[in-house]
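Here chain A shows up in two complexes: once beside chain B, once beside chain C.
What follows is the complex of A and B.
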């Protein structure tokens, strides 16, 4: 981005050693001055980035490093930090030996992939369905995206009440239709499904909004061309709309996947991981290891594993969006 | 046998009326050309026929059946869009084959058609590329190809050659004319290009501000324009118009204007009776002026000072000022005349068009 850099330097006062007027560089400058200026040119963007980088370093890098360090220590919560003992790979090895970790990983994978698949299918389908201008649609769209704006803790509470076996509205309805009470959160078989339903309720709107935006930015004339070419509604969706929406759908999916791996509050409030370990996702397991069993080193090791999974997904996202960008730039040229 | 009829078709976008009371019959196998200034509603008309826009009023009939309620795909129409409307995610071959694939043509047949049309349009080597990797003119040819591979009964072309260079355009025009003889289908063709309109069209429809000004064969429109608009629109360079006055009844049958006096054919006397002694607009095509050698006197001669001289090889176009009116004169293959000199031209009385200044109708 040479232009931006150039423009910026115009406003950067240059040192007296450069022998230049601050705002109007003379055409003939010495070699050293030129090199100094070029250096300044090149480093200016980074200078501007410095505060942000420093902030990130403290806010992000430090905790991560600390957690990596901690994962090699044997340290219980509540004991003096000096009492921490270096334990090598022991934390990681013990994780691998712990069947609960595998269960929890299984729950996390099941949860994350199920909710994301459901949310993407539902969100995209709804966007396609509600795309046509129907009266009252804008109101409906607004109502529809409300769940996303509710704080996770509140979402957990809402659903816990709705799922309540005695007072919950869902069981009232179930009884009214004659199904009888459903053990929404109290049975091992149902609990994960119930939690998944709540997450789908909360996050389908996210996919919906993005899919809607993607739909609205599709080239209208290509869709008209498909109609003239003999495509029916379904064929237009399948052969034209969806392929063109794909980049957005993929990004949205990855974003949701990353998020689904880290979900905590809603499940903590609804089931606290139970019954048994049936809804104990990794983040909850980490939380319990750290604050219930008070094994900080072990919890750190586990959270590093989770971080790795999420990191891998983030890299996938980054690589994909870079590739898109390159393609987009080609379009522009 | 396909006949398209537009009956009192109107189109409004909200409060804006774009098409008003359009009546039009396109007979079977006719090549109809729609011309008119930008924004006059040509694309809108095509889009209504295709079924992409609803008609606000009136009805469109294809083969005698009203089609207002029919989807585009039920109208058996192929269309070349003004903005190409290619599928961005499909390569050229897939863009062209899309309709055929939907209609379950077999692969060999699809391949055969694509090859044939791609050869005709000179886009064979582009078949593997995506639209974004093509130039504007290449995209336009692909858009054309996508329509031409189809078996539709009616083809709609919205300025399909507008983005091509002169040579390619001439070539494509010839290809179209050839294809036109091979497949007798209904074609409706929008263009700004006079030559395309005149050479391709069985019938030309001149539109202005959402109304039809005149419909007829190219020859009819050129020789017998119904009004000043058509007279000025058809023919290039356009017809010259002058404000003048028709000599009163006691004088000879002539028009007198600023800097000229021209006699009219005697047989016009009858229809001009009511206009004697009143203002009149006259029109003379640039090609209707004949150069008269200096010193030689001639009937209906005008001396025209040359303001701009454009020598374009086969002929010379001269801009002049007669009275206060800018005039374009085509002096044919004669040697170019220098600016500042003047030329003496004569106009045959039969070559003078007369218009009512109020209604702009031809007299």
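What follows is the complex of A and C.
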């Protein structure tokens, strides 16, 4: 983040540089030697960074480069790597021709934006609600965090059983109340909603925790000042607490958004993309292209497209939050 | 002196013959004692029965077996990854029939002939002719006619194990109560499917798979074959959207609409459970359910089930499918794996597995008087194999791409009413042609 980067550059000259020579005179040090020493001093931090950079290069850059390379190849899973054939832009072009890719992109966008909006609204609201000291609140807090701790595959199975129209608890309740059976996972219209409900259930706690942490670290003086000025609870929340929490909320939203674009296990278990393509999010489509259709090149091309979408979103959100920050600073001055 | 000589020669002779006898009697398994085989089996009723019998193999042979059990549609990814390594962890795999051609095309399986010609390994009493033709031909042979049927260019790569054909299961009690005739034709069956909702509250007609992908595709094929349709014609031109194909989809839609709730999300397990839990009056799918259906722990309809052949449409054509077992080309213990394969599919084990609730692969098991007494439906099942369609679906290497992500999506969209059947079929035509063109099916046509 630039803010921390600024701080670092500020701090570095203050502290003694690594390997700095003591200030007593050294008669035999020539100009060249001094220059060499200065160079060494300057490069020392980079030298220390080298292992980390190498690690990042291998662990992060290599897969990305490999996936870009693979996206220009025609290679089937299970075939010898030598059998890969360079195919130019064909993988990308065939994706653009495939209507299922557009459907899948639409499903992904709908899913990601809906869950993130719902989770942020609910998470922040819950945090504001549970901030006040009520008896047994710590128990509540623990309970609210539980869904996040459950493994995604288990979450998928739990919800799949609950949604079962034959034996599931939800339809038993619905029938007892008189609503009648709901086709949770078996209709095109409901399936995506059902999947969204499960995701909101699992990930609202994430926003809740971060919002809670932000709330607890708010300067008491600001809230005190608002109260002295006669602001009621609602006004305090709207004009003081929320604006102050904004940086945290934006980061949390960004993290959730990126995650929501990559969600796989829960949907894989619950619907496997069906009925039709109604819940086939891009990551599942990529998985199927790679492992069911076995076209590794095409799957790589698709995952690169997903990477671009997520990257564009992250940059947009980042720029937006920067602009907000600048605006806030201007207002403060 | 002479007596002494004679005695010596007798003793010598006895020693030699004893030596010969012990060599002959040495078990073919001895060489592999202590070996641990890793096998990949599906979570499936047949393999649940196998698990009960498997310890006997270790007891008899000293070869240990470690089972990696997976949901059956998930085995494919893991097997491909495992078998394309220079040396894999699996010594024996269970594969679904539709993967056989792909695996062979990628050189992932060992042909079985080298083991059957090895006298030290091949059991002379194995009797391969006894294995059901309707199983071994579609499940085990690759490289013959069309690439996936029997023919002089074909070879054996797997042996059926948990293979299946389709039969009609029905609730004897409900049919008797309402004086209904067990359907013998498609017209009769389709006439019945929507009647049960009114006759028996809380009960539906025919349970069916319907989940997007492989499952709904399988359900459609069940009806396509008897109605006389195919996916491709003899020149690989796609004809799944022929009038027969559309009729099969219309039938399936009616079956799902009148079937148990949530059918369009049913895989094999949900479909089966709806019948076993008494939510559907009829079942039309694999014979593999028969064992479980009479097990009170898993079924609420014990003693209430009748079995009948797959109804006739234009033709009689029941399903051929299910599982086979094969030896990966990169297995470290191929010979021991063959011994396990042979043991599992032998006459004696086939009977044992049948007694434990599995599906037999041999005619001798179906004709066994002891078993027929225990499973009265065996003679009917044995008869059902005569109507099995060997070319039930195009088992080409590209079937994986055509099946779940293409046909399976179109059918799911049609079944859930998102598109009309005709529209859904038309929308995937370019993709089907693209897959077939890329694989080279049209490069020989002039």
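The rule is simple: the second predicted complex is superposed on the first by the 283 of 333 C-alpha atoms of A that agree within 3 Å, B and C clash if a C-alpha of one lies under 4 Å from a C-alpha of the other, contacts with A are read in each partner's own complex, and residues count from 1 in each chain.
Definition applied: a residue touches a chain if its C-beta (ideal position, glycine included) is under 8 Å from a C-beta of that chain, and two chains touch if they have at least 3 such contacts.
Just so you know, these numbers come straight off a predicted model, no measurement behind them.
J.: After the match on chain A, would you call chain B and chain C a fit or a clash?
T.: Superposition result for chain B and chain C: fit.
J.: Counting residues of chain A touched by each partner, does chain B or chain C come out ahead?
T.: Answer, by number of touched residues of chain A: C.
J.: Does chain B (first) or chain C (second) touch A:79, or do both, or does neither?
T.: A:79 contacts chain C only, not chain B.
J.: For A:186, decide between first (touching chain B), second (touching chain C), both and neither.
T.: After superposing on A, A:186 lies in contact with chain C but is clear of chain B.
J.: Please work out how little space separates the C-alpha atoms of chain B and chain C at their nearest point after superposition, in whole Å.
T.: Nearest C-alpha atoms of the two chains are 51 Å apart.
J.: Show which residues of chain B lie in contact with chain A when the two form their complex.
T.: 50-52, 71-73, 77-79, 81, 83-89, 98-99, 102-103, 132-133, 146, 150
J.: Please output the residues of chain C touching chain A within their complex, sorted ascending.
T.: Contact set of chain C toward chain A: 76-77, 80-81, 83-84, 102, 106, 108, 210-213, 260-266, 270, 273-274, 277, 279, 400-401, 404-405, 409, 412-413, 415-419, 427, 430-431, 434.
J.: Which stretch or stretches of chain A touch chain C in the complex?
T.: Spelled out, the residues of chain A in touch with chain C are 76-79, 94, 97-100, 164-167, 171, 181, 183-188, 191, 271-278, 288-289, 291-295.
J.: Provide the residue numbers of chain A that touch chain B in the complex, in ascending order.
T.: Checking each residue of chain A against chain B gives 219, 221-222, 224-232, 235, 239-240, 243-244, 330-331.
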